[in-house]
Amino acid sequence: MSKKLTRREKALIRSKNKLSSPWASLLSIVIAVLWTVPTMGLLVTSFRQNRMAISTSGWWTSFAPSHWKDFGLGNYKAVLGGGYNLGSYFVNSFVITIPGVVIPITLALLAAYAFAWCKFPGRNVLFVAVFTLQVVPVQVTMIPLLTQYVNWGLNNTFWVLWLSHTIFGLPLAIFLLHNFMLDIPKELIEAAKMDGAGHVQIFLKVVLPLMVPAIASFAIFQFLWVWNDLLVALAFAGNTPATAPLTSRLSDMVGSRGSAWYLLAPGAFIAMIVPVAVFLLLQRYFVRGMLAGSVKG
Amino acid sequence: MKRANVYKGLAAAISAATLVGVAGCGSSNSSESTKSSGAQCAPYKVYGDLSGKKISVYTIWVDQEGDATAKAFSQFESCTGAKVSHEGSRDLATQLPVRIKSGSAPDIAVLPQPGLVKSMVDTGKVAKLSKDALANVSKYYSKDWQDYASVGGKVVSIPVDANAKSFIWYSPKKFKEKGYKVPQTWDEMVSLTKTIAKDNKGDTGVKPWSVGLEGGADSGWPGTDWLEDAVLRFTDGDTYNQWVAHKIPFNDPKIVAAFKEVGKLLKNTDYVNGGFGDTKSIASTSWQDAGNSLIDGKGYLMHMALFYQSNYESSNPDISISPDGDAWAFPMPSLEKDKKNMLGGGDFAVAFSDKPEVQKFEAFLASPEYANARAKAMTGWITANTGLDESLLKPIDKLAYTSLTDKNTTFRFDGSDLMPAEVGTGIFFKEMISYFGQGKSEQDVLDTIEKSWPAGK
Amino acid sequence: MSFDPILHPDTTLGKLLAMVVAILLFVGVMALVLFLTNVPKNMPSWGVAALFLLPSIALMCFGLLYPTIVTFRSSFYGRDGQEAVGLANYIKIFSDPHFLQVLLNTVLWTVLVPLCATAVGLLYAVLVDRTRFEKLAKSLVFLPMAISMVGAAIIWKFVYDQKIGLLSAIYLWFAHLFGSSDVQPPQWLMGAPGNTFLLILVMIWIEAGYAMTVLSAAIKAIPDDIVEAARLDGLNGRQQFFYMTIPLIRPSIVVVLTTVAMAGLKSFDVVRTMTAGNYGTSVIANEFYTQTFQYQNTGLGAALAVIMFIVVIPLIVFNVYQMKQSQEVR
C-alpha cells in the first residue's frame, strides 16, 4: 500500500480526473436538466396565483410578460395561513422521525457487523432471509401488528410509530450497511484483534468511524421514508393532532389529487424543505478517502 | 358512487378556508368540556348527564369539514358534559376494517356508503341502535332514507348527511346572453344541446357538454352517475332497484337502451367535450376541472352533484353561484315535465358500542339539533333530516335539500354505492373509463360488468 | 404512577420529552447489549453474533415474518379467511387475462426500474464526482427522492397531461417543425403499452436519486491510491469507469439494483394516483391493495402478496450468487 497522499497529489488527481470530455459534461447537464424540469413545473405552478389558468394552460406559458402579474406568494399564504396550524404537525413529524431514524440504524449496524465479521453457523441463510423481508409490504403487517399494539394498550402513541418504523427500516438498513461494512479492509479488523481488542471495541473504535459516510447516506433515506410516511402513521396512531405527522395534515388539506393545484404545489414544496435540508447537511459526511491510507503499509 | 362524499369533503375542505375562518387543529380534541346549562341546553336535556364519559367518533371528514363536525358536537359536549373525540380520515374505508379486526373499533363510525354499512354489519361487531336513536330516525327521515339506513329490514345506521346528484350545472349569465332556456324535459335538453352545437359550429373548442371522469384512484365515477340517471329516467324506479340489486342482469336490454341515450349525447363529437377536446378526453379530464369550461364559455352544460359548488369556490372565489350568476344548476330533466327523478347519496353512522353514552349520542346524531348545529357550523352541507331548519341553508344548499325532501320526486340512492365494492368502486368505474377512453360500445361495457359481478352477491 | 405523560404527551414539550425518554431508553438497552457482549472473556464469535442480532431479528420476526406467514396461510382461504379454498385464488390470478397483464407489467417494472435508475444514478455519480458543482448537481437529481410519491404523481401530471403537459407541448413543437400544424397530441397515459413505460419513467426519475447517492458514497470509498495507480497506468476516463470504478463498487451496484427492484415491485402510489391501474397499467402491488382494502377480499389479496414474494426469487438467487463470488474474492 502506498503512503497517504499529500494534498498536492490529491489536487493533481482531482484536476486530472475532472470531466475532460465535453461529451461527459454535456451528458451530465442533460441528465440534470431532465431530472429538474418536471419539478420546475411544480415550482412555477406554486407561484401562479391565477387558479383557473393552472389547470387550463401549460406552466411555461406563465413566463409570457403578460402573465407576470399572476406570480406571487398568494398560494403559499393560503397554505401557511388559514389556520392550518402546520406548526404542531411539524413537531409531530420531528418527534416521529428522530427515533425512527436513530433506532433502526443503530440496530442495523450491530446486525450488519455480526453478519460481516462474526462467523456463525447459518449466517448466509439468515442474511438472505433478512434481505428477502424487504419485499413485505407494510399493508400485510397492519392487522397483526395493530392487534398486538391494541393488546399492549400502545396504539395511538408515538411508541408504536417508532417501533413500526424501526421494523420496516431494518431489512434494508442491514442489507445496505452490511455491504458497506464489507468494504472495510480485513487487515484492519485483524490488526485490531491482534492488539487484543474484543468485538465491542472493534465495533466502536474501528468500524463505526469508518462507516460514517455509509451511515450518512442511509440516514438520508431512512429520514426521507419516515418523514414522508403517511400510511404507518395513519394505521397505528390515527389521524389526530396528538400524533399525526405533517404529511397527513397536508394530505387532508389537499387530498390525494384534485384541481386544487394552488394548494398542492406549495404544499409539496413546503413538505420538501426538510428532507432537502437533511440531504445537504448529511452530504458533508460523504467524505472521500476515509479508508485510503488508513491501512498503514 | 362510493367516494363522492370523500370528494365532497375534499372539495369543501379546500373551499372552506375562504368561507369560515376556522382556527385550530383539524380533528377535534376540544379541551375538557365543562358542563353548562341555560336555554341553549334545553333540547339537550333528554340526553341526561354524561359528565366524564368519553365517546370516540371516526369519520371521513377532515380539515375544515372535520372542524365543522367537531363544532357541531360542541354543544352536545357542553350541555351533557361528555367528551366527544372526533378523528377524521379520508382512508376510513380501508382503515376501519383494519381497526375492527385489530380490536380497536371506535364507538361510532360514519361510513360513506350503504354498501360499507352492510359489510360492517357482516363483521358482527356493529351494535344495535338505541331506542331513542331509532325513534328519531323514524320521526325525522322519510321511508326511503330509513330503507337506505337498513340492513335486512332493520335500521342499523343513521343517515347523518346527504347529497343530491342529478343536477346539470350551467351558467345563467351565459344562458341569458345567448337566450337559452333551462330545459324541462329530456327532449328539450337534447334540442338545447343541438342548438348550442349549431351556434358554435365554427368554433371547434366550444361544445355543449363538458364532462370529466378523471379523479385519481376513483376515476370513472361521474360516468356511473350519468348511466344511473339515464336508467332511472328511461326505465322506472322499480327497474332501477332491480338493476342495482342485480335482480335483473346488468346488461338487460332496457339498461342497454338507456345507456345508448347517454351515448347519443356524450359520444357525439359535436356535443363534447367543451374546453377539453374529443370524446376520448372525457376519460382523462379531471371532474374537478370540468366545470371551469362553463365559466370561460367553452362548455355550457355539466352533469354533476351539487357539492361541486365548493370546486367553484376554490378555483375562483369571484364566481357567483346564484340563479342569475356565473354558475347554477337545474335538476336533470326526465322524459315528462311533471315526473321528477333524483339520485343522491349520503353518509351513515353506525355504532360499535352499546355504552349508554354512545346510545345517547346516536340519538343526538339523528336529531334536528345535530342537523342544525352542523348546518350552522359550515355551509355547503345538507341532510335528509326533515327537522333541519331550512333558513340556515344558502340558496344552492336549499335547492339540494328541497330536491331530497320533495314528496313528488322519485328519489333513488346512487346505485354504485349499493353494489358490491368490486363492481360499485371497481369494474363499473373502470368500464365507464373504457367506454370513453377506448371507445367501447354500450353493450360491451355492460357485458363486461355483468360477467365480472361477484358470485353470490 | 401513571405512564400517561410518556404515552400520550399533549404538549410540544411533553412530546419532545417522550422522544428523549425513548432515545435514552434505547441507548440504555444498547449499552446493556454491548456490556453483556464485552463481559465474558473469550466470548465465542457466534455468541457475539447472537447478542448483536437478537434485537433486530426479534423485531423482524414479530413485525415482518409473522405477518408474512399469516399472509401465506390466508392466500389459501376465501375472501373473509374463514373457508379453505385450496389454490382457487392462485388459479384465478393465473387464468384471468387481466391479471396476466398485471403480471407482465410487474415484471417490466421490476426489471426496467432498477436497471435504468441504477444506470442513470451511476453515470451521474461518476460524471459529477470531483467536479466543482458536485453538491449542487447531486442535489438536483436527489430532489425527486425528497418529494413524496403523491407529489411526484402531481409533478408528472404537468408533463403527461394532453392539454397542459410539457410532453404534449414538445410533441406539438416537433409536429410544427415537420410541417403538420393541425395535430392533436395523444392521450399519453391512455395508450397501452406506451403508458406503462411512461409510468415506469416516473419511478426511474424518483429512484435514480437513491442510486446516485448510494453509489456516490461507494465511489468516494475507493481509495485515492487506487485512482492514482489507474491514472499512472494511463487509463482514460472511460477505461477508469469500466476497469476500475465498476469492479470496485460492484457489491454496491448489486445492492442498489436489488433494493430498487424491491421498491419498484412494492410501489403502487405512482400507478394508483396517475392512472388508477386503468388502460392496462396495473401492477401486482396495486391489485393487492385494491383487493385487500377496497374489496375486502383477503384471500385474493394475500395470494397477490405471495406472488410478489415469488417475483423476488430471481433477485434472491442473483444476490446469493453475488455473495458467493465476493466471498471467494475476500
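In order of appearance the chains are A, B and C, and numbering begins at 1 in each one.
Just so we're on the same page, contacts are C-beta pairs under 8 Å (C-beta built on N, C-alpha and C of every residue); 3 or more make two chains touch, one makes a residue touch a chain.
Since we're looking at a predicted model, the values are computed, not measured.
**Q** Sort the other chains by how far their Cα centres are from that of chain A and give me the top one.
**A** Of all chains, B has its centre farthest from that of chain A.
**Q** Tell me, please, which two chains come out on top when C-beta pairs in contact are counted per chain pair.
**A** Per-pair contact counts point to A-C as the maximum.
**Q** Centroid from C-alpha atoms only, then distance chain A to chain C, rounded to Å. What do you get?
**A** Averaging C-alpha atoms per chain gives centres 12 Å apart.
**Q** On a C-alpha centroid basis, what's the spacing between chain A and chain B, in Å?
**A** 40
**Q** For chain B versus chain C, what separation do you get between their C-alpha means, in angstrom?
**A** Roughly 38 Å separates the two chain centres.
**Q** So which stretches of chain C touch two or more other chains?
**A** 163, 273, 293
**Q** Find every residue in chain B that makes contact with two or more other chains and list them.
**A** In chain B, the residues touching two or more other chains are 216-217.
**Q** At which residue positions does chain A touch at least two other chains?
**A** Residue numbers touching two or more other chains: 55-56, 88, 143, 242, 251, 256-257.
**Q** For a test of understanding, state which residues of chain B touch chain C in their complex under the given definition.
**A** 93-94, 97, 119, 216-220, 276-278, 280-281, 283-284, 420-422, 425-426, 429-430, 433-434, 437-438
**Q** Using the touch definition from the top, list the residues of chain C that touch chain A in their complex.
**A** 7-10, 12, 15-16, 18-19, 22-23, 26, 30, 33-34, 37-38, 43, 45-46, 48-50, 52-53, 55-57, 59-60, 62-68, 70-71, 120, 123-124, 127-131, 135, 137-151, 153-156, 158-159, 163-166, 169, 205, 208-210, 213-214, 216-218, 220-221, 223-225, 227-229, 231, 236-237, 240, 251-252, 254-255, 258-259, 262, 265-266, 273, 285, 288-289, 292-293, 302, 305, 308-309, 312, 316, 319-320, 323, 326, 330
**Q** Where on chain B does chain A make contact in their complex?
**A** 7, 10-11, 13-14, 17, 21-27, 29, 62-63, 66, 85, 87-91, 95, 98-99, 101-104, 215-217, 275, 286, 288-289, 292, 295-296, 311, 314-316
**Q** Give every residue of chain A touching chain B within the complex, in rising order.
**A** 51-52, 55-56, 78, 82-83, 85, 88, 142-143, 146-147, 149-151, 155, 234-235, 238-242, 244, 249, 251-260, 263
**Q** Under the touch definition given earlier, write down the residues of chain C that touch chain B in their complex.
**A** Those residues of chain C that touch chain B are 161-163, 184, 187, 189-190, 272-273, 275-279, 290, 293-297.
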